[in-house]
Each structure stands twice: as structure tokens, then as C-alpha cells.
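So the structure is just underneath, and the comments pick up after that.
Note that the chains take the letters A, B, C and D in the order they are written out, and that residue 1 is the start of every chain.
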């Protein structure tokens, strides 16, 4: 719509008639024509011919409708006092934020970066423990890495114990990828969920969550990673999960909680809107 | 107020000769009339395709049944699928979109009113052309034949060698015709939503229905076109002796599959996103809370729109793609569960802490949430390729997509019917009949589609006109057929309710649900010009602002 | 919301009544389902023989078994998601349902929670990651499995409404009933199938042995199976291929290695001339039969229809549509539509005598 | 129970929305490009897969002249629209006519190429996969050129009758978007058919 049209919008308000596009039969004629044109392919040529004629007629008629000016009909406005009302006048407020009519919860939280930092720190802690296990128990730092890669990598399933202790570049890359991605995501989750836990987030996030998670994994590890399931050492596994949980949790809760920027529109923050559209926010503070 | 003016309007309307009133509907370019035309047309085809489904279910009630011949069964299955997708669900969603979008964004009509009429009539004539095949299609023996190649019409079954006569041509041409209409509707949706918003309605303040239909518009233009292109190729093959899908001359059957599913999968989202839109409007109103996480809902929808174009080959896990190809499509397929999950959680978040009013529209929305959850989960099962090798092409997959389309989309649609019926007709739908409809349909739905998963797991392929006894499928097929009759009964109640309420329903008034979007600020049904004065909005819930002047939304958005 | 006033007491009574009526509704539905099930069970009497049910949950071969393992993982995860989300839904409908004693206020208007949104974005991503990794491994383990030296090779060709099986290394051709040797872990003899199509798309699906794979013209696909238990495994075409898609049945006979060798020997044997059926043979070889069917060692070498050299070694005819009895064979020749309407086998329009003679002849093809 | 009259606020910022003609045309172009993508993909997929001759290398020649004509028509239509925006109706008519002429040259040379291929080289839609994909892709593009030329001719007629006024600049511009799109598609078709495929 051009600016000319939007001007006409404004002036309409004062008039008692409204212009609307006039009814027209040409669209249906054109549609029927095109359908017949194609229907001729499955019946006889005469149908196509008729369809072509109708389609051309429809097109010509349509063009005459919109060229040079669009046909319009004028409709009288039946002025009614439109009344908007509600039976629910009062609005309850949240007990936690009685001074905020609209709330984004929770009111304070860790920044997203806290979760990322926590995840990275946790991933290092976990990796150190896992590799320690590899070196101490199996005599190879690559052993746990190859085991982890077997989650996705079929070839590792067929590896012998000896070659599990050797370095495989593909396994290494896969395992690193899986480890980092998962750690980051879990870190983000910690950042999001630890503030929801009122007391001793470290106990829950660092100890209880890993135990729950390990228990869950214990039940379906055979399906997820058969190789790991055969060769796993559960005490070390639990220990490395604890290491992740405690380190990630500590890093997260040591970050400062920031107040959520209540109700700054996302689209504005993202610079999404066309300029000029947000102007009415200027009168946000003055009561109307 | 408005109830009297409606009564008056009805008197004037019925005083005019019927021919003239009919003429008005044929030549109309008014988005409200066209919307209603779309809806009525789709309801007609709902009944037609429903009858086809019932015929199939009767045939399958016991093994080795002789209710219909295999040829008839195959036609029924093809026509049921094609009709339901292209001539029932799509038109009805376009109908609601056409009716509601201008009203919700404070416009007087669509951006291209004549194109709107053209789109509707193309869709309508497409459907008629398809059904003309029953009498006009010259089959092998000269008798009328409907297409029988399945709704996805895999090559080379559609080639001249395997499909003589014109039945496949009817299918192709009908979809070509209606496809042009759909693309027109998509273009119109986009232009309307972007260019016709009333002052103050920035993109961030549009109702979610408008946002979601904007995404639908985008998906329509990018996914119906590949289908149209593929249909043109099929026509070239069948009429000009081309070899696109001619396997004898080096053509590829798999290419058709790719082209079809590049259309076919986004199509699912074209159908389901408007259903999301209905739910996103109804759930807040009946929970008395704004939608939870509006920006994230929008972002999730856009994400779904994009990802849906990269998942098509999960319909083709069984065609022998390489392991890497399969893995890629597994990844995109399960990835789409993330934005979809976000949407479900956000609807739950909207209900949480609200005051949920269990009227019929809300009942249907809760049904939607429950069934769409299950549909999504069976979707994950089908999305993991190895599981898919067992499940695809079986009754499990039939149950899955009916869960999406009936349990999800149609439930949301019925919710939308009960919710906006007062706006369209000026009268409320009968609540008691509505509840009967809901419970009957719910029971029928679950009888049919819950139990339909089981024969799939037991190895029953889809699209078979009969099956062998002794494979453990008999019981489940019987239950499924019984459920189909429950659903038919529910649809009957629904139609009765629509007709009864049109005459006898309680007058609705402008705003029967105490809702917040612009369509409820005008009379029911709205005048030709929608709004006497162009509304100006300052928030996502303009009517909330007016109802609560001391605590308006615009202060916080 | 609990205040001591008569109005509230009233509303509580109403509320209780409402809850009761809801409970009744639920109970009615709950009662209906078992009722239907019971009625249906009575109608059908005893359930089918379990060994005849081609359930994907009773795998008998490595690929099907790997799939089942993955399926269990997926089912566990989706089941857990269902339990969580469904409880949330049920709880919020129950807890936040508007009661009669409502104070008429709008509830607190909450716009959202970045925290929760982040949580319910990250958790699904983690789940997706786990699912994807496990799935990718199973895909590779099935699709990229190495072919051991002892593998049997079979070329399976889908035709409109029947299956052709060729054993290129063994020189055997058969139809509809695939014979494979049982494989044992110590001495693995899996069967590797190359899937081709002679006309339209088909799909090879024996649920207990492997997932389905399509047979597509102009393309060759591959699957493998290594069943360990002898027996007959049922399957059928799983890709719509035309009118008689429903009766394109598939039987896989898993024989012990000795039985399998015996079967191969039998199949390689040529038909032995038998004077008592010379008339039937003449009819067979002078009518259109030979255009489509082959009998090794005779002039019949058509390939549109199944190879009939050892017809009587099969348990079924017409791609499993009927047991291979004399009556069925005769009916099949006389009027194929009576068994399989729409199949490509034409009715041969033979008179009674010729029909009998021809059936006699076919019955000697062992 | 409270009520508030539904009225407009007085302070109203300038409300500007995108032009529906342009948005509509861009949407249509989006749809069309999806159609072309499918045809191009089919063409590329089938390069070298024909089971019988002739091959592209045997029969295709680079259509340099017609390509130059079509591409330069993009420039002339741009000049025409600019002239109309500046209210120079005469200049508009001239550039518009040049556009029409260039488009016609393109179409005629495509016709000559097809004639040559069909009658001299014996390549038809049904000859082989190359024939099928070639005629479909080039034909689809030629169809779009034809539709464009018909609209251009129509506008030309209006121009001759002096019905075209500067206020139609918006419509001319929207149409020119279509024409530019057809040109861009030709660049792709040219690359795929005459360079990669040969």
C-alpha cells in the first residue's frame, strides 16, 4: 500500500461511505476457462477450445476491471456505537512480583554466558577424569575417547581392545564433538535451571542430577552405546559425571544474577522492526 | 445492538430473490464470503472423502471381504487421500485464513480481492474436475474411472504403460488447477499480512494467527510450486511422450519421489501451522492469559517453516539412500521436534496459572494438544530411519499421519469452528450438541487411530484391499472400523449443530468469548466493510487495552 | 480460595458434582474400550497362531534385531516425554480449571519466562542429539555391513504382483517363496539380496528378518538377512504397486544348511519327461502359456510370469494368494480373477478336458 | 462491568506499509523460482543420462545474440520505468518499444533454434531424456517470456492511445520486476543448458 492509500485510510474515518472492490464475475470465468482448457486434455478438444475462449474473455474482463482504475463500489456505513466491554474488570497479580503487572519470570537469572562457561569448565573436568581413568586403569588416554565415539561410530564397535587403546583420528574428532556439544548444552541447562532451585543448587545440580542421569543411562546404555556398555567402569563413570556437575554448577552459581530486562520487545532488541513503527512507545510513561 | 441489526439484515437478505443472492456469492470478492465459500466447499468434500474412508473401512472389517473390488478400493484410497489433503483440509484452512486475517489485522479486505476469488474458484473447479473422473474418465474398458495410483502417485505407476486411459490425467490436471489456486492464495496471504495491517500493528504486534499464516503463505508458494512443476513434467510424459519419469528410457522413479515429497512434507506443515494458529488464539482466551512466550512462538514457527524444507526424504528412507543420506535426514527430522516441542510447552505455559474455561472450543484444543503430542512422538519413531524401515508403508504410518491430520489439525479446526462460528453467523453454536460432537469424535478417533498403530507393528502394509487371516490383524481392523462409524456419527452431530444453530442459536453479540483480538470489536457477522473506522492498535491485544484502560498491554510490549 | 461463607460451601458442592460428572464421563469411556475389546475377542475366538504373526517385535535376524534395539530406545525416550508432557497437561487442566466459585478476576498476566523457555529448548536438543547419534550408528551398522565370504547371493525382482528370486551363484530360479539357509554366529551364512524391479515400485518386507527396502525400476537396492531359527517367515509387498498390491505375498523359508543344500539340488534338477501328461504338455507349449512362463528343458522360456519348472515344490500359488492344491491350481488357470482379480494372468479359455490335462501336466512339475 | 468507546487515538505516527504490488510480485517470483528450480534440477540430474542420441554437444549452439537481446531488455525496461516516474511519457514509450522488440527477437531466435533442432537434427520431446528436459526447461522459460511480451504489448497499445500516465509508474515497475526475473532465469538456463550441459 503506498502512502497515498494510507492517506485515504485516514480521510475515510470522517466520511460515511466506504469504497470496497466491486463484485466481479471475471475471476470465476477465468478460473472456469482455465479448468476447461485443461479438462479438454481428458475429454475432447472442443472443451479446450471453449475453455480458451472463456479464459481470454475472463482475462480481458479482469483487465478492464482494474485498468486504468480499479472498479469499486461505494457502501454506506451503518454507524453503530461499538462498545467493548468485559465482565472481568480486575486483574490478579503474581504474588512474587506484585509491582509488575506483566512479568517475565524469574525476575533475576544468570546470563546465558554463565551456562556456557559452566558447560565448558565442566567439560574440562569431566574429560580430565575420563582420561585419568584411561591412563590409570587401561594404560591409554585414547581408550575412553574411542568408547565415547562408539555411540555413533559403527566401526569402533568392531575394534579389538588393543586397537581401542590406539589413537584414531576419526574417533577422536567424533568424541570431542559429542563431548563439547553435550557439555555446552548441559551447561546452558544448568544456567537456566539452577536459579529455579531454591536451596543448595550445587547439591542438586552437582550430585543428584548426575546420579539420576547415570541411573537413567544405566538402564538404556546397551541401546545407546553397546560397546561402552560392555566395557564401562561405573564408579569412574559416576565420578566423571560428578566432576562435571560440581564444576559446572559452581561456575554457574558464581556468576552474578542479572535482572531480566522486563518487557523490552524482542523484535525491538533484535532490530527487527521498520524504523518509525515504534514511535508510540514515547508516550509509554505518561498515563493516558 | 448488533443482534438486532443482524435480524434486520437477515430479513432484508431473505426478502431478495434467491437467484440474486446466489449471484452475489458467485461474483463476490469479499474475503468473508469467499472464506465461507471455501469452508462450505471443504465441508462438502469432508463428507465425500469421509464416505470413501467408510467404504474402505467396511472392506477391511474382516479378512478376504468382498464388499468392493480391488480396483474400487484403490480408487477410494487414492481419492480419499487426494480429496482430504487438497480439497478438504487445505481449502478449509485457506477459508479460515481468508475470513480471519483481514479482520484480525484491521483491514477491509485481502490485498488482492479479485485474485482471492480466482484462487477459490480454481480450487473449487480443481475438485470438481477430479470428481468428474468418476463419470468422465475413460478407463481401460471405456467406463468412468477415478484415479487409482495412490495420492502420491509414484512413478512409473503413473506412466502410460501402467495407467492407461485418463484416470491419472484427471488427478494430475485437478492438482495442477487447484495448485494454481493455492499459490494465488499464498501470494495473497503474504501481501495481505505485510501490506494491509491497520496503523500501529507492527510485525511484533500481530496476532499469532496472522504470523503463522504469513509463514504458511511463504511455505505455500515455495512448496506447492514444486508439485505444480512435477505435475507439468508428468503431463509432458503422458501427453508428449517425454521421459522424465519413464524408467524404460533412463528416467528416474526416485526423482518423482523427491519432487513429490519436497512438496509433500512442507505440505504437512502448511496444514498443521494454521491449526497451531487456531490453538494459539483459542487457548489464551479460554485460559484468560496472553500467549506464553510470543516471540519464541513466532521464532519456532519460522524455524519449522525453514526446517520443513529439509526433511522431505524421511518419506524415502526405504528407497535405498546411502547411510549418510539417511543420517542427514534423520537429523533434520528429529531436529524439527525441537521447535514443535517449544510450541507445545508454550501452550501449556499459557494454560498454567490461568483460569481454564472448558467450553467446546477449548475442549477441542485440549484434545488437539493431547493428540498432537502423541502424533509428534510417533513422528520421532518414524523419523529414526531404522525404525522407519519397519514402520513406513505400514498401518503404523497411516495411524501416525491420521493422528496429525485428524487428531491434530481437524480437532483444532473444530475448535476454530466453535470459536469463530458466532462471528461468522451471528449466533452461538449449541453447547450441548458441541459436547456430544466432541466426546463422540474423541471416542471414535481413539478407537480408530489408536488401534490402527497395532496392525502396522504386526506387519500389515497400507493400501491393501484385503488381508490374510491368521496374522493377528483381524481384531484390530474390526475395532478400527467400529471407530470410523463413531466418527461419522460425530460429524453428523456437527453438521446438525451447524444447521440448527444457524437458525436457532443464541444471538452472539460482538464479543461472546470476552476475547482480545480485533475481529471481536466489530459486529457479528461483520459488515461488508469489516470496520466502520480503521482501527488503531498499540498492542497484541487491542481489546484488552480497551477493556482494561488502567492496565493496558501497550505499556509493556 | 477457601473462605467460610455459605456461598462458597454451595460452590464447593457444585464443584464436587462437576468433578463427579467428569469422572463419570471418563469412567464411561474407560468401560467402553474393554467392552469393545471383549466383544471383538469373542467374535474371533482364540487369537491367531503367534508364529504366523509377522511382528516387528519378534526379530529373527540381525538387522531386525538391531532395529528392535533402537526401537526400544526410541520408545523409552518417547514414552518418558509422553509421561511428562501428559501429566503437565492433565495437571494444568485439572488444577487451573475455572471453578464455580470464581472471583471474576483475570488471572495474573504472565508474558513468558526466558528461563523455562531456555530449559525446554535445551532438553529437547539433548534428546535429539542422543537419538540422532544412536540412530546414525544403527543405520551404518545395517547398511554398511561387510559381506562375509559364506554369504548367499540372491537377486529379487519385483513383478506386478509376484516375486522372482534368482540365485546367480547357485543357478536356481524360483518365485514367491525364498529359501535361505539358517546362519549361525560361528559360521555365518547371511543372505545378501539385490533388489530390482521389472515394472513398478515394490517393497520387500519380512518384518521379522529386516526392515523394508523398495524395489525400484532402473535402480538396484541391497539388503541382507541372517536368520538363525529355521521356519517360515511371512511378509508381503509394502509399496503400492497396482491393483493386486494386497496379494503380493512373500514367504521366506529358513532351512537348515542340509535342507537348503537339498533344496538347491532339487531345484537344479531338470523336469523329467512323463508320457502320461503329454497332452497337457502339448497344450502348455502350444498356447500363450509359454509367452510368460518358463519350464527348464522345454520350449517354454517366458519371463513375465513365474518360472514353473518346480511349481509343485512350492506351498502356494499366485504369490501366496492360495495354497498350492489341485483345485486351486485348476481354478487359477480357468479363472485367475476368482483368486486374484486384476492380476496379469489371463484366463486361458480352455475347455474342461484341456484344463484337466494341463493341470495334470503342471502337477508333474516337481 | 465497564465499557470504553472504541475510538481512534489522536496522536498517530506516520504509518507506512510496503507496497502490495511489490510484495505480491516478489511472492509470485518466489513461487516461479521454485518451479524453475525443479526443472533445472531435473535437467542437471539427467545430464548425460540419455540412453540414445543426439547429445547436447551434437546439436546445441550458443545463442549469443538472443541472450544479449534479452539481457539488454532488462536495462531498457528499467529506463522506461524511470522515464515514466519522471513523467516523460514519450521516452517511456520509446524504451518500452525497444524492450518489446528485444524480447521478440529473443523469442523468434528461440523459435528458429527449435525449428532447427526438430527438423534438421530430429530432436523432439520424446527422442530422449535430453530432448525431454531441454524442451521443457527452455520452453518453460520461453512461455514466461511470451506472457511478459503479451503484457508489454498490451501496455504498448495503451501507450499508443495515450492512456499511460505517470501515476501508472508503480504498476510498470512491478511488471519490470517480473521481466528482470525472467532475465535472471535465462542466465541460469543458459549456464545450465548451454555451458554445463554441453
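As a convention for this text, contacts are C-beta pairs under 8 Å (C-beta built on N, C-alpha and C of every residue); 3 or more make two chains touch, one makes a residue touch a chain.
Just so we're clear, the structure is a prediction, and the values are computed from it rather than from any experiment.
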item: Centroid comparison with chain C (C-alpha atoms), farthest chain; value: D
item: Chain whose averaged C-alpha position falls nearest the assembly-wide average; value: B
item: Rounded Å distance between chain A and chain D, as computed from the means of their C-alpha atoms; value: 37
item: CA centroid of chain B to CA centroid of chain C, Å; value: 30
item: Sequence positions of chain A contacting 2 or more other chains; value: 1, 6, 13, 81-89, 91, 101-102, 263, 274, 277, 280
item: Sites on chain B at which at least two other chains make contact; value: 195-196, 199-200, 250-252, 288, 295, 521, 533-534, 538, 546-549, 556
item: Numbers and ranges of chain D residues touching at least 2 other chains; value: 2, 4, 6, 8, 13, 15, 17-20
item: Chain B residues within the chain D interface of the complex; value: 111-112, 183, 186-188, 190-192, 194-197, 199-200, 217-218, 221-226, 228-230, 232-233, 236-237, 240-244, 249-252, 255, 259, 262, 521, 533-536, 538, 546-547, 549
item: Of chain B, residues touching chain C in the complex; value: 69-71, 74, 148, 150, 154, 156-157, 162, 247, 250-254, 287-290, 292-296, 318-320, 322-323, 326-327, 330-331, 334-335, 337-338, 341-342, 344-346, 348-349, 351-358, 366, 369-370, 373-374, 377-378, 380-381, 384-394, 439, 443, 447, 457-459, 461-472, 474-475, 478-479, 482, 548, 556
item: Partner chain B, residues of chain C touching it in the complex; value: 25, 29, 32-33, 36-37, 40-41, 43-44, 47-50, 52-57, 64, 66-67, 70-71, 74-75, 77-78, 81-82, 85-86, 88-89, 92-93, 96-98, 102, 106-113, 116-117, 120-121, 124-125, 128, 131-132, 135-136, 138-140, 142-144, 195, 199-201, 203, 205, 207, 210-214, 216-219, 221-222, 234-247, 249, 320, 341-342
item: Chain C contact footprint on chain A (complex, rising order); value: 87-88, 90-94, 101-106, 109, 112, 150-154, 157, 178, 181-182, 185-186, 188-189, 191-193, 195-196, 219-220, 222-225, 260, 263
item: Residues of chain A defined as touching chain B within the complex; value: 1, 6, 9-10, 12-13, 18, 20-28, 30-32, 34-35, 38-39, 41-43, 62, 65-66, 75, 77-89, 91, 101-102, 262-263, 265-268, 272-274, 277-278, 280, 284, 288
